[in-house]
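Data block below; observations after.
We call the chains A, B, C and D, going by the order they appear; numbering starts again at 1 in every chain.
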Amino acid sequence: MPELVSRREVMIEWGDCDPAGIVYFPRYFAFFDNCTAGLFAAAGLPKPDMVRRYGIIGIPMVDTRAKFGIPSKWGETITIESRISAWHRSSFDVEHRAFKGEALAIEAWETRVWAARHPDDPDRIKGVPVPDEVKALFAGTAA
Amino acid sequence: MPELVSRREVMIEWGDCDPAGIVYFPRYFAFFDNCTAGLFAAAGLPKPDMVRRYGIIGIPMVDTRAKFGIPSKWGETITIESRISAWHRSSFDVEHRAFKGEALAIEAWETRVWAARHPDDPDRIKGVPVPDEVKALFAGTAA
Amino acid sequence: MPELVSRREVMIEWGDCDPAGIVYFPRYFAFFDNCTAGLFAAAGLPKPDMVRRYGIIGIPMVDTRAKFGIPSKWGETITIESRISAWHRSSFDVEHRAFKGEALAIEAWETRVWAARHPDDPDRIKGVPVPDEVKALFAGTAA
Amino acid sequence: MPELVSRREVMIEWGDCDPAGIVYFPRYFAFFDNCTAGLFAAAGLPKPDMVRRYGIIGIPMVDTRAKFGIPSKWGETITIESRISAWHRSSFDVEHRAFKGEALAIEAWETRVWAARHPDDPDRIKGVPVPDEVKALFAGTAA
């Protein structure tokens, strides 16, 4: 069964770029964050529903890496492909690949936690198990 | 001879945080970017001087990773320690460690290119050798 | 003759929002900045062309105001309508209206300068006359 | 009795600037937002305390304007002076003045609401009266 891959076109805006005229790299991480939300939305679970339905505070990042091969300038458009690459008990991995035309421009990896408020201390966050029904949405086997 | 380590305190602002009330992780990459600039400034080479003196367009990121262990909230202050961990011919590695009090909260790594406009195409960027006098600034051996 | 009005849908992302769960207001100014670029693109003058063809460094802001009536949360979508409200010799005014469904949520105004590097000092910026052919694009009378 | 004025130095970072090499104007609004938080902190009411003690969700913006006279570039430092210019029943006005050296570079005005969750609908926000003890902090008459 084909896994779910979501695609998003991102138009690079003037304000995304730095004095060298290319995307200020932290902006890419915001793009990727939006793409991860878009991936869940494509699976039928927009982030507001995800947070409300499962009582989580979000899916905070614990480890992320990006390799930047080809820079992009304002006015250009990139296409970002995103997919879940692994599920763990209370975390999961996401992969993003950004293309300029046919060329692979950036690869990025994320590990995120399915996170709730700590029951003993609302100021702390703890990982909780990712529900099987959420994982199933990405395998295409959910109702 | 002791290597150069720069330290910067970062007060987490309301606008650095997301709806979970913790730092929106792309902001950390901006903090680290500022810390790398601060590290060069501490070595005697503020970024405007660096760009002007050596004819580069900047020090664009080619590879970066961060591991987030402890989240921070608005109103809190973290201390970021930054150092050059390796010099290559036309690139270099930076390490950042963010502390909340005594606790190591985040570790991050950067590989950046010492980059100039491509002589044949001003729209392209190419790595050029990092001048020895720049490397020497961090070893404490420069005049 | 009908004036040019451009419309853009903006999906509010998690990272656009603050700990109160609503859009962090400086993000709206980035949205509006993107909409002004989109307005020129709709007139046939994407910002890269505008800068290259007319030798300007951009259209920096000299005065802007926004009135925020209805907040928006991540996961919501707003529609922003943008138009040129006045042309001056070397500056112009833009109006943006953001809607949530039928409701007017935000009104914003911008005065921007058609700006070039100062001929005597490349570190300074000066306003230069907006070309008539640019103004004509918005009146629908250009070729 | 002298009113409270807080001052903050802001070092302009590479990532604060756009392809024209000057501060991307929405960043100034983030600076001003931070300065408003700093003004309350200077009055003895850091934002986390303010939110917790008075049960508000924050002090969202309802109207803001900025006039930009002199641009700033990365590597430069500006000084921002902030003060409360008026108190209303459930809102208040803030003025910011940004200086480059002796020169007034930017003036900005904010009207913000002292805002709580709506008692009938936690998704909505409503203004509530600013406590007199908060106002008194800025007049220097509080204990």
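One rule holds in what follows: contacts are C-beta pairs under 8 Å (C-beta built on N, C-alpha and C of every residue); 3 or more make two chains touch, one makes a residue touch a chain.
The structure presented is a predicted model; accordingly, all values stated were derived computationally and were not measured.
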Return the chain whose centre of C-alpha atoms lies at maximal distance from the corresponding centre of subunit D. A
Could you label the subunit B-subunit C interface same or different, taking same to mean over half of its residue numbers are used by both chains? same
Sharing over half of the contact pairs with B-D by residue number is what counts; pick that pair out of A-C, C-D or A-D. A-C
Geometric centre distance via CA averages, subunit B-subunit A, whole Å: 24
Whole-Å separation of chain centres (CA-atom averages), subunit B against subunit C: 32
Computed distance of Cα centres, subunit C from subunit A, in Å: 29
So which stretches of subunit B touch two or more other chains? 14-15, 18-20, 24, 26, 30, 33, 58, 73-74
Over in the complex, which subunit A residues touch subunit D? Could you list them? 14-15, 17-21, 24, 26, 74
Hey, which residues of subunit D end up touching subunit C in the complex? 18-20, 22, 24-27, 29-30, 33, 57-58, 60-69, 71, 73, 115, 123, 125
Touching subunit A in the complex: which residues of subunit C? 13-15, 30, 33-34, 37, 46-48, 58, 73-75
